[in-house]
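Presented below are the structures under discussion, each in the form of structure tokens.
In the two complexes that follow, chain A is the common piece, with chain B as its partner first and chain C second.
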Partner chain A sequence: MKQSRSVQEYLQLVERLAPKSDMGKGLVRAFWVGGLICVLGQAITDLAMALGMDRQSAGTVCSIALVFASALATGLGVYDQLGKYAGAGSIVPITGFANSVVAPAMEFKREGYVMGVGAKMFSLAGPVLVYGIGSSVIVGLIYFFLGR
Partner chain B sequence: MWMYVKAFLVGGALCMIGEALLLRTQLTSSRILVGYVTAGVLLGALGVYAPIVEFAGAGATVPLTGFGYSLAKGAIEAVHEQGWLGAFTGGTASCAGGIAAAILFGYLASVIFTPRTKK
Partner chain C sequence: MADKRMGAQTVALPSTPRLAAWSAIVGPKEGEGPLGACFDRVETDDMCGQESFEKAERSLFTSCARLTLDKAGIRPQDVHALLGGDLLNQIISAGFAARQLGIPFYGLYGACSTMAESLALGSMLVDGGHCARVLCATSSHFSTAERQYRSPLELGTQRTPTAQWTVTGSGSALVCEANAARDARVCVTHVTTGKVIDLGVKDANNMGAAMAPAAADTLLAHLQDTGRDYADYDLIVTGDLGSLGRELMLELLRREGRALPPERSVDCGMLIYDASQDAHAGGSGCGCSASVLCGKLLGQLACGELHRILFMATGALLSPTTTMQGETIPSIAHAVVLEHVGKEE
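And then the complex of A and B:
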């Protein structure tokens, strides 16, 4: 009896102390930050195409540039701040993928450059590659067997 | 200019869905990323995602679903050119730039920067 009451008190305490996650505010923040990162990507793509690249190459340049920007921002500790503010707005774009590579690489430097940086670099982004590349191979094979 | 508005709206919407999943489900951010990339591969394979890319440009390609779309598109195009071998090479080839950039810049960042101690 006494224990169940303390559990209840604990839950009330959690309820009172937990940060109020304001759903609407979070959604708006994710929306405008994520949208802005995409606008930046569009600007880079347009610039690359204006310099005479085809659409495919311009898209690759856009990815590389955004990954670079994200690596720099992560190194300077700025991307963490952005992540606290924007949530998924900083996770879903490719900059979030880059952040998930760079952050553990920096974090595990103390464990050495091979088993630390080298091994831990893809501890978060690895699953994305496993499922992304894995399913793309399956899609390609299905496409092949269904007679192209 | 209209293209930028469309990129903003579609890209923002994709991120907002991710935020809603983060807040309303028990999914961790890495599971959401895996879900996004796999969804992109499926939607790309079904031909649903290409019109969205046509409409929103970077608004559809910069989010991780665009990464998946690009993987599927690369695999399918390579199957056209090289047969079954293309299924193995096409997807990764189409995203090689971004992946290689993440490895190089990630490595350089770890050499140059030291993570700040959490306050």
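And then the complex of A and C:
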């Protein structure tokens, strides 16, 4: 009993003394960097459409270009610097997903191509795939039964 | 035996084992920090010329151990025991380094408290007459710790304000019998063994907060057992509590009615980097307290700039598995009393 009271008191003390992240600064940085990545994506889409592609193909080209750019930036050791500055601004767009695949692939190269790169590549992106694909199946089923 | 024990957790070492030699080798970031000039060697590349970070850490451990033996003028085969550990799974840095060194080896795991743990055990082995020379060593490496405990290096994430930066570095010290090391200017007089304390902190990015109660507990036990006060020490040195952890420890001691004057408290994690180095709450890792002790503090003790310190390294005994399973972080702190030895007439 005494122990649990001192645990509560201590956790309150930690909460009070711990330095907090600057939310305002974080939000501004995330917004402008994330926004800029999206503007870049839109520009690529518009360019592809101006070159005669339909909207769907242009969207695919945009994804490929952004994923490539992010993978390259990760390989050059730049993307982690961007992420440190922008936080969610560079995690949420598709470039963040590419970074989360390339970073472990690079990190675990020394453990070999099968159990290293192969097994660890999706260690961070795996949950996104599992729940992304899983929820799209559920939404698809709902649409199938109710949407017509 | 009874006359060596003092109270519940402390052991006195009447033969006052000596530290005959010590050394510290660190990585480039630590070399750029405020203590850069104190270390025996600063590696220019954190790979240390090896092909993996794990091998680099092992090479830091091995080179540092060899350097200490060279300074003492002792061959590896004359050392009776190597006590060492590190942060990596199955303490591979220490174990693999021991394979190269060829010294009888006990592997220790005390997380970041390993330097104090090895000095405590080594001093007791020497005081007990079981070994004449014991090498105590530990290491950590930012990049091996990151990949084991956190995320890949190139992942674009932010670190929280309470996070700490694992020190790339190694420290080692040779404990000898007093009569065999007459020139040695530093001795170990007491050892206080820590208890594992857990006050419910779950955040693996706030290890200072998890470890502060263990530090306070061991310090209070030490004062209780020895009947000493803070005034008996030039410094109470904690291992890697960082800025928040140190503040929490001071507050806990204040609440217990034994407020530690802030000017007598230093934390190795706060000494090794400066504010511009993006280390957030400070340094951490076995190599943090080990390199600050062996790079700076032991030198100050040897020349008499410091007379007596309590070196208390703290360790968070968590693993990535327990963190994922939502468990709280148990922590430990071991303390050793280090004293300046005056020249004999």
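Some observations on this one:
By definition in this document, the second predicted complex is superposed on the first by the 127 of 148 C-alpha atoms of A that agree within 3 Å, B and C clash if a C-alpha of one lies under 4 Å from a C-alpha of the other, contacts with A are read in each partner's own complex, and residues count from 1 in each chain.
Here is the rule we use: a residue touches a chain if its C-beta (ideal position, glycine included) is under 8 Å from a C-beta of that chain, and two chains touch if they have at least 3 such contacts.
Worth saying up front: this structure is predicted, and the values here are computed from it rather than measured.
Of the two partner chains placed by superposition, only chain B is touched by A:Pro93; chain C is not.
When the two structures are aligned on the shared chain, A:Gln12 is found in touch with neither chain B nor chain C. Once the two complexes are laid over each other on the shared chain, residue contacts for A:Leu141 go to chain B alone; chain C is not touched. In the superposition on chain A, contact is made by A:Val102 with both chain B and chain C.
Partner contacting the larger number of chain A residues, of chain B and chain C: B. In the superposition on chain A, A:Leu82 makes contact with chain C only, not with chain B.
When both complexes are overlaid on chain A, the residue A:Leu72 reaches chain B alone and has no touch with chain C.
Judged by the document's definition of touching, chain A residues 21, 26, 74-75, 77, 86-87, 91, 96, 100, 102-103, 106-107, 124 lie at the interface with chain B and also at the interface with chain C. Interface residues of chain A facing chain C in the complex, by the touch rule stated above, are 6-8, 10-11, 13-14, 17-21, 26, 74-75, 77, 79-84, 86-87, 90-91, 96, 99-100, 102-104, 106-108, 110, 124. Against chain A, the residues of chain B that register as touching in their complex are 3-4, 7-24, 29-30, 32-34, 36-38, 40-42, 44-45, 56-59, 61-64, 66-68, 70-72, 74-76, 78-80, 83-84, 86-88, 90-92, 95, 97-99, 101-103, 105-116. Here chain A touches chain B in the complex through residues 21, 23, 26-27, 29-39, 41-46, 59-64, 66-68, 71-72, 74-77, 86-89, 91-98, 100-103, 105-107, 109, 117, 121, 124-125, 127-129, 131-133, 135-137, 139-144, 148, going by the rule given at the top. Interface of chain C with chain A (complex): residues 51-52, 147, 151-162, 199-201, 206, 209, 213, 244, 247-248, 251-252, 281.
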